[in-house]
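Presented below are the structures under discussion, each in the form of structure tokens.
What follows is a pair of complexes built around chain A, which joins chain B in one and chain C in the other.
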Partner chain A sequence: MNPVLAVDGLVVHFPARHGPPVRAVDGVTFTVAERETLGLVGESGCGKTTVSNAIVGLVQPTGGEVRVAGMPVRGADRRTLREIRAKAQIVFQDPATSLNPRMTIGAAIGEPLLVRGLARGRELRERVAALLTEVGLRPEHASRYPHQFSGGQRQRIVIARALALRPALLLCVEPVSALDVSVRAQILNLFVELQQSHAMACLFVSHDLAVVRHVCDRVAVMYLGHLIELAPRDALYTTPRHPYTRALLAAVPEPDPALQRAKPRVPLQGEIPSPAAPPQGCVFHTRCPMAIAHCREEVPAWRHLGETIVACHRAEETPAP
Partner chain B sequence: MSAALEVSDLRLAIGGVNVVDGIAFSVAPGEVMALVGESGCGKSLTAQALLRLLPRQVRQTGGRILLEGEDITALAERRLRQIRGRRISMIFQEPQAALDPLSPVGAQVREASGLASAAAREAVRRMLAEVGIADPDRRIDQYPFELSGGMCQRVMIASALISRPAVLVADEPTTALDVTIQAQILDLLRRLAAERGTAIVLITHDMGVVADIAERVAVMYAGRIAEIGPTAAVFSRPRHPYTALLLAAIPRLADEPKSRLAVIEGSVPQPSEYGAGCRFVGRCPFADARCNAEPPPLLETDEGHFSACWHTERLA
Partner chain C sequence: MTGRFTPGIAAILGLLAIYVFVAVLAPWIVPHNPLRQILLLRLRPPLTYSPSAGWFLLGTDDVGRDLLSRVVDGARASLMVGALSVSVSLLSGTVFGLLAGWFRGWIAIVVMRIVDIVLSIPAILLAVLTVAVLGPSFANLILVLGLTRWPRYTRVAYAQTLQVATLPYIRAAEMAGAHAPRILLRHILPNIAGPLMVVATTEFGLMILFEAGLSFLGLGIQPPYPSWGSIMSEGQNYVASAWWMTVFPGICLFGVVLCVNLLGDWLRDRLDPRAQSR
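After this line comes the complex of A and B, so read on.
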């Protein structure tokens, strides 16, 4: 079966005013299957947003290919791009900026249906009411404006609008990062319900590893424009193969003082290098506790270890957890 | 032992509403105490009150702040200027915004030190090294834009601590940083508190950060302390419904994936919605008429562990 989303050797370089280009994404390959949620994690600047933007055609790839439901995004004519954007809907971090303050939320949710001529009049109102109910709001909310809702409710509204066209792919970019803990749980529960009821594919972009573990089936880890590990959720969290994945997991502070204080502390040294001048060889070698001379010379190839795909010369030397 | 900082019955009002309403806590030398709560609960205003740096529209309507036993609540601005940065310092979420973009970082740390220039350069260099800045001889002459966010936060910490203040107030110091850099900064703060005996008030919304670094924690909700106590006790046996629900709402690495998380219905109230009774009343599963009418007092439930709830006994 064709994947809903196929990202193949994606490269996105941004030209700089002086000096070499910013290598924001440097050869990233993954797929998302029907009904599957793939998490995309990594620290800020690793290229997560750029990958998302390339998927919906908001940035032009320097190389490689993205296909949504089989349709190549690159070189798509306007009609195809429209179809791709209907099939792949985005939910962004900040619901406040994704809603037009002067439009009722009913109009906002119904807009994609109306614009595409898929529903109007009473049918449109019914579809909007059903969507509102589905995301845990009430049909009578349709006549209100965004400012009359809390942050969590606004994110529900954005999700309802994204679902209106029954997309094949939902792209969630840090969808709960701006929300308070007590509200975040509500949205995560909603998301898990929708995964079941809508059976759609989803790319879930987040810097929060606990949240990603909670909602994703597989997880892709990025560092400095590169994908460094891709694995089913349980494999990634129980036997991370890449030293960066291990460091990232070790750095997540657990909300449990006994657990957290018993953890071995292996903080990563140093800072993330500039994507305009990435290190030779393995991009992680400047911070890697396991780096050897070979790592500075040769880019590690993708290798399969069990269910995991990993780019590290020393991936099988996973230290005992 | 006498406290480095002791706050009693602090009240801060905007318009007619106490957005910080009678909070009290103390911090011992070398101790890290966390103030944790969701956005808008009054953490930053509390921090600003501790340094007497409140915005104009905020009025202190009650309470006392003792810094090493001295009441600083009523001091004149001239005296306060001698205290800020010398005996109590503050660091913020956005270190880049707090630093002067036009001045080398070393000069900014030196200014905070109040030292004359001959001895100062060496003192600044040593301080930069102490906060974990590699190659301080080069960094000392660089500008903030040449440094990463994590490094700027180290510079802020160096400025804040070079005069050896008794108290450091850190308002979300790692919120804007990535987790691997956050881990470095938390390790640094922990080490500095232990080695220098600095009392740290660490403000955060992240229960993971609290679990990592704080010896004691005050959980704030809507301008009040819901619960305060030793971190281990508050996490293992929360005595306030808000804390208990909040802890259950966080996805953890040990949970069953896709399981249903506990939720707190509704959202945090705005100050205009604060009622006469308990401010958690609209979202609390145990709320009754008394909760609506009367604010619950903060009472000791176990040794050093206090909760403000009429129905603490209903928690397991």
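After this line comes the complex of A and C, so read on.
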């Protein structure tokens, strides 16, 4: 069975006015199967947002191949790109700026259907009403403007718009990080529900490991434009193989103070290097507590360890959890 | 100003309606022929009565024409110049600004350099050139004002478009499959209309004054036909002895510019759904 999304060696470089280009994404490979949720995690600036923008053609890839439902994104003409965007829709981070303040939410949700000539007039209104109901809002909300809704409700509206075309793949870019903690759980549960009822695949981009654990089947970890570990959720959270993954997990706070005190501390030294001048060898060696001379010289190859795929020379030496 | 329909805005609309009404009906409501000179009754103050010619409520000008009739008749020229030239420059300036801001690249470079060039040419010089080539007429007056003023709107529209075009809801419209014309008209234009409205309403008054300057140079409304600007510029020679010639058209101009500015503020808020129901 073909995967809904296949990313193969994706490279995105942004030309800089002075000096070398910014290597935002440097050789990322993964797939997302039907109905699967893949979490894409990493700290700010690691390139996870650029990956999702490249998938729908909002930025042009420099190299590699992206296929959405079999259609190549790289070099796609306008019509193909439009086709791809019917299959893969995005939910952006900030619901406050994701909606046109001068447009009623009914018009916003109906826009994909209207501009593609899929529905109009009465039928359009009915489909918008159905979408609103589906995301937990009321059909009569359609005539209101975005400012009349709370942040959580706005994100529901954004989700409804993304669902309008019945996409096979939903890209969620930090969909709850701009929301109050009190409404995050509601929105996440809505995602899980909708994903099942629509039989969608989902790429869930987030820096929040607790959120990713709640919704994802598999998790991919990025660092400085590189994918460093890709594993099924339970394997990643119980036996992280890459030292960076371990550091990330150690940084997730535990609600129980006793557990929190018992957690291993893996503080990282220094700052994330500039993506315009990434380190030689393993990109993580400058901050890695386990780095050896070999790490500075050779880029680690992808290796399978059980269900995990990891790029680290010393992945076998994982300390016992 | 919250965009609600208040007694204040009703008064503004009412006053503007009176202005338009007077301008349109000018030929029928003027007490005297605005062009008829009575040289024996030159520079008479307001409320002058002459047994032979009747009342001159606002006095007479330097060649003995009834000032009230000239102000009423001049309203037509002044309001038309203001409204038409603002429309021409607003429309063309916004279109250029939108296109430059959306497509960026060489289109933006070309458009914005033309803007710089036009702004660097003195408006009076351009007006003299245009009239010298095309001859003085009302249509050429509008053309001159449109030609010299559109860059102001282009600059505002360009800067605003650049800013709005980066927002996620524009990405979302692209994801929806909307084409450029729809994105420009439905998503960007409504969100940059506020600042453009403010520019347009301030320009409206400026255009009436600009026309006065051109008329003074003999390039605008041709004498003996009146406009507020030309009445005032004729009157400035007598401002010490015959204040009424500058004051009354000035009050009319002040009133209409104030009304248009207040109406512009109100419209800007009215068009912004966020300002209502809050």
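Going forward, the second predicted complex is superposed on the first by the 321 of 321 C-alpha atoms of A that agree within 3 Å, B and C clash if a C-alpha of one lies under 4 Å from a C-alpha of the other, contacts with A are read in each partner's own complex, and residues count from 1 in each chain.
We take it that contacts are C-beta pairs under 8 Å (C-beta built on N, C-alpha and C of every residue); 3 or more make two chains touch, one makes a residue touch a chain.
Small disclaimer: the values here were computed from a predicted structure and weren't measured.
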Practice prompt. Overlay done on chain A, so just call it for chain B and chain C: clash or fit.
Written response: fit
Worksheet entry | chain A-centred angle between chain C and chain B, computed on Cα centres after superposition, in steps of 10 ° | 80
Discussion item. Looking at A:Arg85 after the superposition, I want to know if it touches chain B, chain C, both of them or none. Which is it: first, second, both, neither?
Written reply: second
Discussion item. Contact-wise, after the overlay, does A:Asp8 reach chain B, chain C, both or neither (first, second, both, neither)?
Written reply: neither
Discussion item. Which partner chains sit in contact with A:Glu271 here, chain B, chain C, both or neither? Use first/second/both/neither.
Written reply: first
Worksheet item: Touching A:Ser182, do we find chain B (first), chain C (second), both, or neither?
Response: first
Item to complete: Report for A:Glu134: first if it touches chain B alone, second if chain C alone, otherwise both or neither.
Response: neither
Discussion item. A:Tyr237 in the overlay: touching chain B, chain C, both, or neither? Say first, second, both or neither.
Written reply: first
Item to complete: Report for A:Gln260: first if it touches chain B alone, second if chain C alone, otherwise both or neither.
Response: first
Discussion item. Residues of chain A touched by chain B versus by chain C: which partner has the larger set?
Written reply: B
Discussion item. According to the stated criteria, A:Arg161 is in contact with first (chain B), second (chain C), both, or neither; which is it?
Written reply: second
Worksheet item: Where does A:Glu65 make contact in the superposed view: on chain B (first), on chain C (second), on both, or on neither?
Response: neither
Discussion item. Using only CA atoms and the superposition described at the top, report the least gap between chain B and chain C in Å.
Written reply: 11
Fill in: Doubly contacted chain A residues - partners chain C and chain B
none
Practice prompt. Give every residue of chain A touching chain B within the complex, in rising order.
Written response: 43-44, 150-153, 180-186, 188-189, 192, 195, 207, 209-211, 213-216, 233, 237, 247-261, 265, 267-268, 270-272
Worksheet item: So in the complex, which bits of chain B are touching chain A?
Response: 38-39, 134, 148, 150-151, 178-184, 186-187, 205-212, 231-232, 235-236, 245-247, 249-255, 257-258, 260-264, 267-268, 283
Discussion item. Could you list, by residue number, the parts of chain C that touch chain A in their complex?
Written reply: 167-169, 171-179, 182, 186-187, 190-191, 271-274, 277-278
Worksheet item: Across the complex, what residues on chain A touch chain C?
Response: 56, 58, 82, 85-86, 89-90, 92-94, 97-103, 108, 111-112, 115-116, 145, 147-148, 158, 161-162, 164
